[in-house]
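Each of the two complexes below includes chain A, the first together with chain B, the second together with chain C.
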Partner chain A sequence: MKAGENPFGDLLQDYIVESLPLAEQVGDAFVELERRWRAGDPGDQVLASVTGSLHTIKGNSAMMGLTPMRDVAHALEDLCGYLARAGASRGDEAAALLVTGGGLLVDLIGSASADTEPGAADQFMARVLGFLGVAPEASAAGPDRRQAERRTQPRAGDTEAASVVRVDFRRLDAMLEVLGEGIIQHSALAELYRRLLRRVGACEELGELDQTVLSLQKTLSRLESTLMETRLLPVSTVFGRFPRMVRDVAHAEGKRVRLEVTGGDTSLDKAVLDRLGEPLLHLLSNAVAHGLELPGDRVRAGKPAEGLLRLQAAAVSGRVAIRVSDDGRGLDQTAIRAKAEALGVDTRAADTAQLHQLVFVAGLSTADRVTTLAGRGMGLDVAANVIHALGGTIEVESRPGQGSAFTLSLPVTLAIVRSLIVEVDRERYAVPLSHVAETVRAEPETIRQINNQGVTQWRGDLIHVADAGAVLGTGKPCEAPRPFYVVMTAGARRRGLLVDRLIGHQDIVVKGLDPALGRPAVVSGTTILGDGRVACILDVVRILEGAAHGN
Partner chain B sequence: MAIDGRAAVEPLLGFVDALPAAAAGASGPAPTLHLLTFALDREEFGIPITQVREVIRVNGITRVPQVPAHVRGVTNLRGRILAVVELRTRLGLVEGPVTAASRIVVVELRGRTLGLLVDRVSQVTKVPVDSVAPPPEEVVTAETDFLTGVARWDSRLIMLLDLDKVLLLNA
Partner chain C sequence: MSESFLVIDDSKLLHQMYRLIFSQGDLAGSTIHYATNGREGYGLLAAHPDLTLVFLDLNMPEMNGLEVLARARAERLHSHVPIVLVTTESSEDDEARGLAVGAWDYLRKPFQPADIQRLVRRARELRRGRGAA
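Take a look at the complex of A and B:
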């Protein structure tokens, strides 16, 4: 079929959706296989695990008339068939061929159209034929083997397919919008009930109204959790592309790396996941390029030649924690200090943890040389900004000679956030509850002024307490002392925020900031409260960061 | 009070440019501009009604910390968050109080929807194109930069605002 004449245009998306994850699995398996072969493990199960996927990809591609994909899948099948035979040479050449082929397959399917790089596919097939040419008996065995598979292997997912529908994600967003309106209207109803109760006093009808409003709330929260579940995807959908990329970076850097992925089934809102790939990729590449040592250096330091890179995900108290750790050399504190001083940051008083936090400051990359990585992707500061924009936090721990770990804490969803509503200078603000440790009555005698900053004892620690009006830039001086403070936390940072009133807890629907508002540093979004008023959502991470830099 | 901005009206962007052409073809009824006029202090301003989506009462404007000076805040427009521009400070006047007569003129410009806080909305006014003159050059104030012209008509002086310039936010 000629390029551009694909009669199945509408089906192309379906093809990609079905085939790309399979191709990624195959690609990952080949990377794993290469690692095992180097370690002396034959990896038979890994080799066996890809045959079904390759076969499906070949069939799908043939049906769509996508010849390059079909040919590459076919060539890989032949190659695997040959390698599965006893005595086949499982050396670096075979491994490199498999990894290249797996990557090519992912690339081709990802940008699926019949006219993508036929040259690359042809070249690859020529290499495979060249390789197999050394062992001509393989091609004779190939077809029989494949036919046997066709008979014995039912297609994965056949049984589930009947109950699954594919929905455009924008429809889920639209549903969420409607649900958001429902939640706002419920708050309005509840408010109305309270006003009625004050005006006419308790009566039977009002009691029923109260019950109805209450059950409406339960219905809405059931609807919310159901809808949220449909928006959730396992993090493995993002993790999928990492093994090959880590392998590529390791090869380019001359490192040996084993990537260990756990918790791939942890779920996150697709809207969060979509923006997580880049920062994670950066952290992983960074670990390989700068964290892990060259094999020779590792052995001299008494470590295994192969570096260990861990990518772990887990649900932790309503949020998702993702950790990227390596057993490399750890952050170079001397280099960080030197770079920071060069940028005019005074680090004399900084302790180790504070020094480590500096890696998230723009311009403070400690890489002492430009690698192939440095050119692409983002800096650590940009990665941290993306995480913060998602309402997440990023922390780093490191020990010299033992390695570094970056821990991300992310909200499961961005759309609906349980928040504490507070009042400051007659305006209401929402503080996401995930960042609220406690609300405390502010007794004037418990807050001392040190260097013009309020300081108080909280759970045995000294924390700063700042006036919300000053933080938000809305307060007029000489106001009466505010009666409460909210202890806000983000990672290891804490700070009290003095407010006028605590209104209560509420699920709020996050709405964005109009571009006309610029980019206020203390507000991450807006929401509509039950009485129809708009409230700003405080960006706790940035407020605490600003406070830290201000100090 | 909603105004149908999609009534058949003259295209109005760049009214001043249209003047010579209108003067040349002076046969038949003179072409007119349909303006929504509103007041800031004692001055009357006009914008083409094609740019106006609706006019709403002021029902709570929430201040947003750390925004540009000419942004008054945000308000709830039927479940959507609408940014409200303080037109007075934008045009070099002092910020005024919100009164019962205050209105938010919701405008649509280049695909964006914004609110303009004004002291009061007068009416939709038809102004003959030939009553519009360029802004007087001898008067140079903060606001003249934002004018496309001045209409003298029916003993009124209406200053025609160039919303593109007024709302060129953060520029």
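Take a look at the complex of A and C:
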């Protein structure tokens, strides 16, 4: 029966929302089970933990008339029932069958529609029947279904209030757009108030207007934080697919890997999350393919045969930190140095940290097996670019023989960014406040020229100070020395940027760049200011990177 | 007179299916109480002595359907309220055990709206018969 003819066909989306997380949980459990079996652990609790979910998926799929999903869930239930019995052959073949079935179930449910092809499901059922047929006892006793009726663990989320409404995410985007207009209009109103005050001087009505503008701002910011909270999703929605992927790469590479995931309930804006999957996938497969050693090599090096891969997320001072770390061999400094030299980069003076940063340089990361998984395409430089485009940073630490760790720091939301507005050659620019360390009056005598670069003392360190006109390419000759500089930071990098005026702090609504215009190297987006002018948002990470690479 | 029903099932999807079924025909306007596990279901059953019919899923966390049924019957809790055991391709053993512990009938997933309507009609007849007696 097709879901279209099914009386509950309209509930397809609800079916996916409920069943997909269950299927992912089952898939993860099978990956874990395979790992335990290889380590000699029977994994009975893991096996028992999936029966309830499989049964629910089977029932839901049957109710929806989605036969392929029902059949796969049913076959897995039978397989688990058989494997739970003493004397069952819990070998690689059984494990592979479970993992394949779990993945198939996730794929089927994820792309569920009335016309789902039964081909893959039929093939899988045939494989399960074949397996149960040749396995001892199985054919005689038949699969034990009663096993599946016993549910052992309550599921998280069962007690959540029923007052939840599903909303199309595009509506939230539309609401954000409207809020953005409200914020722009508020800025216009505040600007108008200041002009009126200058013209007519203080009076009672203007005092009241000031109060009203102020409370409007408070209302808007309350609306903003509510809306932002609505847009947040736990990172587990992206992490969910990783265990199976890590397991697949580990298989292909002949590695043994345990993936440990923590902090899955950390929240991020959906817009950030949507673009985070690919870079994280890359970092994880990279760690499996190149970070972790083959089991034999690990044992010889005095480590457990099974490599440990950690994926951790946590909220850290208003941002979200995500860390991918392994206990493998660490970055190969000799190989990085050789590659860099081959590309004409002078690494003689580079210290370890600088050498590590080179893995993010295009050409170096994609060149060969130093840092990328053969055949996976995306280089570390591309992963780093995606993170930077999201307003994030990526750092690497590594110790030879002990492993590597990539740490991402990401903004919780993308859409509204508190920024410092500055003026350069009569144009206004926004610098995200998360990248502003300080604004300083530039006394001419404190800035020295060394190798044609301005250098100044800042908090006890020497930092470079660049002219904003030159960095932004405004093309205008610098008439008078610019009176201020903004100290920008990203990760460990810092640099001063000389500007004409500091306008003030403002919440700005990020608008994307027109893709047809290409992407200027130093600008990440645009915004509209209170007076209706368009301002470019500086891509601080890229500006600082450009400085580090000497252009 | 508004009728009330109790649905005990750990699947929110199933709740919505019941909601859909109970919004149609002469069932529209009836009150339905929902529980997502056996324990909660038992509590709701205890709190509502005047239910027309109870739909009790077999496979649930925190007291499965058979346990709820066994406890309700052992404590003689509203023994006049008919309880339907809902199963999914389960063995006939389970259904037989359910009936032995005191299920009024059983219903297999996948079911159709018509199956529910039929069960409700029978439950009403049962009620009328009892009222007349």
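In this section, the second predicted complex is superposed on the first by the 469 of 551 C-alpha atoms of A that agree within 3 Å, B and C clash if a C-alpha of one lies under 4 Å from a C-alpha of the other, contacts with A are read in each partner's own complex, and residues count from 1 in each chain.
The rule is simple: contacts are C-beta pairs under 8 Å (C-beta built on N, C-alpha and C of every residue); 3 or more make two chains touch, one makes a residue touch a chain.
Fair warning: this is a prediction, and the values are worked out from it, not measured in the lab.
Figure out whether A:K58 sits in contact with chain B (first) or chain C (second), or with both, or with neither.
Once the two structures are laid over each other on A, A:K58 reaches chain C alone.
Just chain B (first), just chain C (second), both, or neither: which does A:S317 touch?
In the superposition, A:S317 touches no partner, neither chain B nor chain C.
I'd like to know which partner A:N452 touches here: chain B for first, chain C for second, both or neither.
neither
Mind working out whether A:L11 is in touch with chain B, chain C, both or neither, as first, second, both or neither?
second
Return first, second, both or neither, reflecting whether A:H74 touches chain B, chain C, both chains, or no partner chain.
second
Have a look at where A:S19 lands relative to chain B and chain C in the superposition and call it first, second, both or neither.
In the superposed model, A:S19 contacts chain C only, not chain B.
Using the touch definition up top, name the residues of chain A that touch chain B in the complex.
Residues in contact with chain B: 180-181, 184, 427-428, 472-474, 511-518, 520-523, 526, 528, 532-536.
Under the stated contact criterion, what part of chain B meets chain A in this complex?
Interface residues on chain B, with respect to chain A: 59-60, 62-68, 71, 73-76, 79, 81-83, 85, 112, 114, 167, 169-170.
Which bits of chain A are touching chain C when the two form their complex?
Residues 7-8, 10-11, 14-15, 18-19, 52, 55-56, 58-60, 62-65, 74, 145-146, 148-155, 158-159, 162 of chain A touch chain C in their complex.
Can you list the residues on chain C that touch chain A in the complex?
Within the complex, chain C contacts chain A at residues 10-14, 16-17, 20, 34, 36-37, 58-62, 64, 88-91, 93-94, 109-113.
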